[in-house]
Amino acid sequence: MGNYYVGLDAGSTYLKAALIKDNRVLGAELLPTGIDCEETAAKLLEKIYMDEGITRDNIAVITATGYSRRSIGLADATISEITAHACGVQLTAPENVHPRLIIDIGGQDSKIISLGLDGHIVNFTMNDKCAAGTGKFLEVVADLLETTIDQIASLAKESTDPCQINSTCAVFAQTEVISLLAQKKSRNDILAGMHISMANRIAKLARKYKSDGDVLMTGGGANNDALRSALEDELMCDIYKANYPQFNGAIGAALIGMQNAEKEFKSYEETENHKGTIQKFTGR
Amino acid sequence: MKQRKITAFRIMCLLIAVVALVFLGSGYRIIILLLSIFSALVFGRLWCGYVCPLGFYQELLSMLRKRLHIPTFHVSLKAKSYLRPLKWIILVYFLASVLFFGMRPVMYIRPDLSFSSADMSIYKIIIVGVVTGICFLKERAFCKYCPLGTLRGFVNKISFGKIKKDSTACTHCRACLECCPMDIRSIYEERSKSDITHSDCIYCMKCIEACPEQDVLSFTLFGKTVLSSKRNIKQVK
Amino acid sequence: MEDRTLERYKRNISRVSAGSLKQLTSSRDIPEGLGYFTDVLRKTFVDFEKDDNEYIGSYCVMVPDEMIYAFGYRPLRLCAGHSVAAMIGDEIVPRDACPVLKATAGFHAMRVMPIYQQCKFAVLPMTCDGKRKSAALLSQYLPVIPLPLEMDKSEDRFAQNLQNMHALMKSISKETGRRFSNRKLIESCKSINAAQQEAYKLYALLSSDNPSVMGSQVMAVLNSYCYDTPESWTQHAKMLNAGLSHKAAVMQPLKRKKPRIFIAGSPITFPNYKLPFLMESLGAQIVGDETCMAGRLLYDPVVPDDYSTDGILRALTARYVCACTCPVFEQTDDRLSSLTEKLRQTKAEGVIYHILRGCTPYDFELSMVEQLAEKLNIPVLRVETDFSAEDAEQVKIRLEAFVELIEQRR
């Protein structure tokens, strides 16, 4: 019976995998999900095994989370993204940061999770209907301004006079960008305005769940320093960036697998892959 | 049905009391007086609900009215607030007439004694008629103003018999208020305290019988719960 | 209207209703006796059966059924929960109105549902904004008698509401040309009382430590009462309860109990059982609800002090108005204490606060319920949805996280 645990975060844009052992993150890889996430998952795992020099037999549990978690046959268990993210911060929070609020900004959704003093979820909310508070928004804008998503943060930071963005829809933001460009506004200023607008939208959701305590940002959006500082302005507090921000979900899933192996817990759901209501983990 | 047992028991008590009070000779007057005072000091208005013959008379009138499906009348809150001082005026008049005019208090319990003489003035007959009429249409109408009752009522809040309410479990369905012969509003309106014994309460237990929730209204005697409301729906007759 | 369109409407209505019914009867062991209730729903929503009874429609839960029986008519609750009807109704009522109003208006406009066509007229209590304004709107489909209600539960308002009930009686008498029968009124009080007793027993069975029935099935059983007579419903509910008690006695308790969840909030009506179905597929056990079309439908009894018409009307007003915990009323303490008691009795581990999009009264009370739940140390999740199936996946992810939250807390 191995003592390595794997977590898979099957997002709509990227599939992430994380390998942990004894509460340490040993490896994290990602690939675009593609149309066959089962295949992509298998490829990812192969790479991770190779890098660490282990095989499937060393793995005790593979836990899947994310939008397409139920289609991954090779996973032993599934868990919702919200629980996974809340758990992941146990390993990804920077030292001396005890998160009470998690702001996760993914490719196609954003989540706000408020935690209690013991790290358990107290409440949560999600924005999975509108792209305006998600990575998609920034991707669309970056594309329009002929840059990449990795560059926009530093470009936005150089802005001196951020534009006021009015449209509430990621799709109509296109029209607005074009009209701003026609007004000879600089790319940096437009980008800065976009970041502020997005921070605004996210802060609206987050304010209700915020309490005293540290705020931690996870997901791909955490890599964007301009977004983080815009959020800090909106919420008027420090916001920390998680280690391995994009892998927080996968790490959390792996951790849940580890924590629940003792408890014999599993998602109650009946699907084609997981028959029966309650199943014990089969240790190997 | 269990829900009616207490009322049946109570009517029994009243009947026995009437028979006893009417037929026991005048030699027992002192004993009866002492019993009355004792019950007043220890149990407040319990006497009103279980012994008083005038109360019994009013209960019979109400039972007849209900049989005949004749509705009662209700007084608005505003009118009630105007009528309230009447209770105290009657109490003062009573005390004065007993202390200074030698009136016998027993007249309030056994008004029939005042007719023992051949003096059946038209005045008395009218009074009887009006009071009977009002008591027929409104349950225990006299008891709300009875001076002896008012005196006993002072003891209610500190007596050993208490009405308790679980205010959170109360569904505010008004069943208790609708059946209360003394129109005690605090049974229905109380939302926090658990001891709701009121100085008008005659311990008829109708509220406890009517309450459709489990253990929301209960009667405790010397701290022990003697009767509690039950979940069984009171079957419509 | 073209016949083809009517046929299409019928097909779609049947399809969605049949789908819900199938899911109700698809669990591993279906309680004996459940078939009768699903049949009642099937006859109404799938087979579109007509009959010769005379109906008077009512909306909400504040119109006394007993009063309608007293005139020799059968009451029919017209509050709808059908997604197809809601889509049609979207063109008739404002976009931001609640889906119940949309579905009701839709059913009226589609003219294919016998129960909506058979009502002589309908009584509509003037409760929330939507209901008040839809009185005029729905009157283009059938006569509507509005029942004005005071939304305050103080004594003066009670007297006013009593007067309103008297006035309703007179209006119904005028509209139907019939006289009110006290005897029939008392008889219907009796039979509805008996139905209530069975409903209590059923909910007690549902909230036991080891329930032998599912929450969605109980909600369907209660819902079917609206389309049935009390006598028939009681008779079959008795059999259902007997079967369930027997089953509960011999059942093996689960090694690991399912998370116990209580549903609070906006009404959940057939066939819109999206929320209970999702919860049960995620392994939760619904242990009770305070929705008006299920948990509250047959809750408080009518307790008359005397059996004169006035006495019974007082008892009806007390039960249908004073004891009603709908958030349209100004006072909130009634609902909060009722919720506290129900959460205690059902030993709930979590509350799903269901809000229909556009239902502001329930949404306003959410913060108070959250405070109450925090005091009781029970998590609450707000789920806003409507009748369409489009957001099923999104609702599911939230419910799943909530179920996991409860698991983690144990």
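The chains carry the letters A, B and C, assigned in the order they are written, with residues numbered from 1 in each.
The criterion applied here is as follows: a contact is a pair of C-beta atoms (placed from the backbone, for glycine too) under 8 Å apart; a residue touches a chain by one contact, two chains touch by 3 or more.
What you see is a predicted model; the values in this text were computed from it and never measured.
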| Of all other chains, the one whose Cα centre sits farthest from chain B | A
| task | Specify the chain with the shortest distance from its C-alpha centroid to the centroid of every protein C-alpha atom present. | result | C
| note | Busiest interface, judged by C-beta pairs in contact, is B-C
| Distance from chain C to chain A - Cα centre to Cα centre, in angstrom | 40
| remark: In whole angstrom, the CA-centroid distance of chain A from chain B equals 71
| remark: Two or more other chains are touched by the chain B residues none
| request: Name, in rising order, each residue of chain A that touches chain C in their complex. | output: 79-83, 120-124, 126, 128-129, 265, 267-270, 277-278
| Of all residues in chain C, which touch chain A in the complex? | 255-256, 258, 281-284, 379, 381, 391, 394, 397-398, 400-401, 403-405, 407-409
| remark: Residue set of chain C touching chain B in the complex reads 153, 155-156, 158-159, 182, 186, 189-190, 193, 196-197, 200, 299-311, 314-315, 318-319, 322-323, 333-334, 337-338, 340-341
| query | If you look only at chain B, which of its residues touch chain C in the complex? | reply | 65-66, 69-72, 74, 76-77, 167-175, 178-179, 185, 191, 210, 212, 231-237
